[in-house]
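Note that chain A is present in both complexes that follow, paired respectively with chain B and with chain C.
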Partner chain A sequence: MTTQVNDNRFDEAALQEQFDATIEAKDRIEPRDWMPEAYRKTLIRQVAQHAHSEIIGMQPEGNWISRAPSLRRKAILLAKVQDEAGHGLYLYSAAETLGVTRNELTEKLVAGKQKYSSIFNYPTLSYTDVGTIGWLVDGAAICNQVPLCRTSFGPYGRAMIRICKEESFHQRQGYELLMTMMRGTEAQREMVQESVNRFWWPALMMFGPPDDNSPNTEQSMAWGIKTHTNDELRQKFVDMSVPQAEALGVTFPDENLKWNEERGHYDFSTPNWDEFWAVVKGDGPCNEQRLNHRKRAWDEGAWVREAALAFAENQTAEAAATPTAADATPAAGVDTTTPEETAK
Partner chain B sequence: MTETNPGSTSAKDGSAVGSTRGEWPLYEVFVRGKRGLNHVHVGSLHAADDQMAVHHARDVYTRRNEGVSIWVVRASDITASSPDEKDPMFAPSGDKVYRHPTFYDIPADVPHM
Partner chain C sequence: MTANNEPTIHVEHDEAGTNVDHGDHDNAYSGLLVNDANWAFGTDFEDPLAGVDTTVPDGVDAKDLGAYCLMLGDDALVFSQRISEWCSNAPDLEEDIALANIALDLLGQARLLLARAAAADPELVPELPAGSPVPDEDRLAYFRNDLGFRNVRLAEVPGGDFAEAVAKILIYSTWRLSIFERLTDSRDTVLAAIAAKGVKEMSYHRDFAGRWVVTLARGTEESKSRLLKALDGLWPLWSELFETHPVETAVAEAGIGVDPATVADEASVILDQVFAAAGIDRPERGGLAGVGVHGGKGRDGLHTEALSKLLAEMQVVAREHPEGQW
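Showing the complex of A and B:
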């Protein structure tokens, strides 16, 4: 397929023109279309970072699976953490259509060469945090991800559509958990407020640096990868969250948080961007722990990946060694009750 | 339609299992949402063999009753039309308007047409 392109010797300017026209028409770029190298690189970086965030994001909550307060909560948390794994896989799958392999991306992550959302570098100190993460962290993620369903790169947009459908469960289970605690004892209500106090600012930082300090935003918007700026999304999240906090009976730790009639939005303080950059650069409370855990899982799982491949190779070799038998009867260990449509 | 990028090494090495740094081959996944519908492409995944690909597809793509049947196929076994989705290959159908029912003028008062 690559040679075909070479034979035709398309003029790069003509390809660029076609690409620009597709973006201009708000149509989607698909994996085998020509695209500028910088567009491909930007997408690989963004989709990989997004995928890594889902995978690393399993850790803060995964810590609590074995200590869930009831079987109901445990089943919910297991399903949620499993979803995060699934979201990571949808996104790695989208990234791979850009010409990178999943192994490459994982190796870059564990080597610290690619980043993930800095929110996951904060610890989960009590079970309450499972609720707060669902409400605020997944809530912020939804705010970020809903516009990405219309991003210009087809596979990324399709992955986001699947993810957004599932995130709604994540946010609602978290909010319901917090509501349950708010109906409990005074001590439980204090736990909710304390947890919200810790997560509010990191959740606001999830939208990334302010617009005047976000060098990639302009180009990403011109390419239709992003459709809203970081500050727009952050404002939207604040506006959505305040009435939810009121309904829950908690407050956010910001004395400047108040409705601005003129703007039609809530005013709020500037997040501590020094803290944000410190966490991004590796100095958050859990950066090292998260990365070490991921690296250990990757290294210790190597023998499983290799064994599965060796088994598959043996099966292929066996089938090749006995061609007539393989034609007449299915290979040992293969489930023969395949439905009529599992076209073999 | 495969989404595999021709430049992707994982797609190329699909036939030679394990030749590039032990990566499991790439599979494309198709799910039938319910009886009466076609299988539709939903994404891809890696698996060591066909059976594992089916199991992984169940876990990754049908956690909420999204399907009643799954097809998986090695990405390297898919033949696609051309690198460009807007290829002139599809141009011949562009000028044959007479293949569409709206090409024909029928008086509005003729019933059931």
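Showing the complex of A and C:
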């Protein structure tokens, strides 16, 4: 792990100039490079939120592992949720290159001091939601994340390349589940439509507040942390999703959704931003539940983590290895979202 | 990590992305409507034993083979279901991932074993409305009640802390690995292949659990006392693992299965090695009694109260849609 060296022997202005040149050239900033403190803080916040989103995001889909209606689907779902834990691991590692630890970040999350993507504050009320989340939520996450593969901070960008590959795989799995259900019984088709109705608007809100109400966007774009505005990405997502819905045989719950020849894009209604801000501020259907779940797991695991540390300390002279962190490599992966909305 | 989530002898669900080129990532949907080579695997259900010769060997009673595979398959399925409950609940991310791997391995074993059971004895498979697309492995998993399940009772033990989880995995995998190692010589080549795959997986499970048992035993006072309590609570289920059911006698005689009594000594020795490394004593408690007129246990379909609840949850969606496609 590298921590920032504030060495006064160097002229800060010269360093800033070099940093700006790197950004301008669209090269990567690496952990050992000088960077403005505000850049570091912004990145820590964004990467941590992203990591937290992966970990909290395990819950809504994990809710259906025990009830997945076929063994094949159970295996796919379990592997997917496991992948989210793997994504969380890569991202916490990327954050650690900025001088924070995973434990610190987790403590902040469970204390409610750092955010995660609001989409996970919606409940999964039907097994079908597993497919819908794959298609729409992972789909929106990919739209948000693909540009991040070119983000200016090296470790984050490289983590995102791997994560995006895995995300797009899971998105296909989700869409394929819905396709299969649409070929099934009438009851199954109704389940798909019901689930899509519930997730359409929350998925659109995943791109964050409208550009005129997203104060951090400008600075993040100047730094190359963010490369597209919220509204640009939202429009792109709508344009891509409509033909998908048609192929699937479902509709989106928006009577104003229609092709605009002049703009070359689909028009759509304004999302309910009051609902959005309410969820961001903690009043969503599952905010408390998600955080309590994470806090419980973290608190209940404290004695295990302490035991592993104590064992490792006792073992320094001995050959035996502890099965803690060294035991598991980040696995392959799934679902995520940039919590753009918390940019507020 | 030995993550092999493949439930089948041939691949149908790849661990995400490892050998899939998704091409242009700028477009989240490129190819989503195209039936290209990278299309999400398993657009349709594939029989886990597709392409495998499932002929029952000469001199083997197909009903015994089916019943035996059902026992082994139910062990793996029910234990997998329990371990998967840890998902998002483990002490740290590494353990969450490791426990999910173990659950996935067991689930893969269950699918193969249930498919083998159905192929050997189609009469085992519950009937559904004519035309139902539900495959045999899912009919067996989702449309039998608890009296039809043949798993040992250890597999269904609910809840518990992390110490109990690793203690359970250690006991289960030590027992099952000894059986699978012998089963690789089964005259039923399908069962032998399933066991060979399982041996690799269970070796990792036993190693994972063994190292954690040692860590907890030699960690803090609290971790040691939790571990001892967990082992003590589980111990009454140990002896059941080595009791021979008549079906197991029959398949052992036919050279296709293993009489669990024959692995009792080996499993005991291995467990004692772990206990020695951990510096703890083997619990001293008798076996948990069976129920009913003949003192039936898990292999007889007589379980703890926990199993019917586990099944109620596991089966609820599938049972609501007996003609559903997933």
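Assume the second predicted complex is superposed on the first by the 308 of 344 C-alpha atoms of A that agree within 3 Å, B and C clash if a C-alpha of one lies under 4 Å from a C-alpha of the other, contacts with A are read in each partner's own complex, and residues count from 1 in each chain.
The criterion applied here is as follows: contacts are C-beta pairs under 8 Å (C-beta built on N, C-alpha and C of every residue); 3 or more make two chains touch, one makes a residue touch a chain.
Being a predicted model, the structure only gives us computed values, none of them experimental.
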{"item": "A:Ser168 touches, of chain B and chain C: first, second, both or neither?", "value": "second"}
{"item": "Which of chain B and chain C A:Met221 touches, first, second, both or neither", "value": "neither"}
{"item": "Which superposed partner A:Thr101 touches (first chain B, second chain C, both, neither)", "value": "first"}
{"item": "Touching partner for A:Glu306 - first (chain B), second (chain C), both, neither", "value": "both"}
{"item": "When both partners are placed on the shared chain, which of chain B and chain C touches more of chain A", "value": "C"}
{"item": "First, second, both or neither for A:Val146, with chain B first and chain C second", "value": "second"}
{"item": "Contacts of A:Gln82 with chain B and chain C, given as first, second, both or neither", "value": "both"}
{"item": "Partner chain in contact with A:Leu125 - chain B first, chain C second, else both or neither", "value": "neither"}
{"item": "Residues of chain A that lie at the interface with chain B and also at the interface with chain C", "value": "79, 82-83, 86, 89, 162, 166, 305-306, 308, 310-311, 334"}
{"item": "Chain A residues within the chain C interface of the complex", "value": "55, 58-59, 62, 65-76, 78-83, 85-86, 88-89, 92, 127, 139, 142-143, 146, 149, 162, 164-166, 168-173, 175-177, 179-181, 183-185, 187-188, 237, 240-241, 243-244, 247, 293, 296-297, 300-308, 310-311, 314, 320-325, 327-334"}
{"item": "Chain A to chain B touching residues, read off their complex", "value": "1-2, 4-5, 18, 30-34, 79, 82-83, 86, 89-90, 93-94, 96-103, 154-155, 158-159, 162, 166, 305-306, 308-313, 315-316, 334-335, 339, 341-343"}
{"item": "Touch list for chain B against partner chain A, complex", "value": "3-10, 17-18, 20-24, 26, 32, 39, 43-46, 48-49, 51-52, 54, 59-60, 63-64, 69-71, 80, 82-86"}
{"item": "Complex interface listing, chain C residues touching chain A", "value": "1, 3, 5, 7, 12-13, 15-18, 20, 22, 25-29, 32-33, 39-40, 42-45, 77, 81, 84-85, 87-98, 100-101, 103-104, 107-108, 110-111, 114, 133-135, 137-138, 141-142, 161-162, 208, 211-212, 214-216, 218-220, 222-223, 226, 277, 313-314, 316-318, 321, 323-326"}
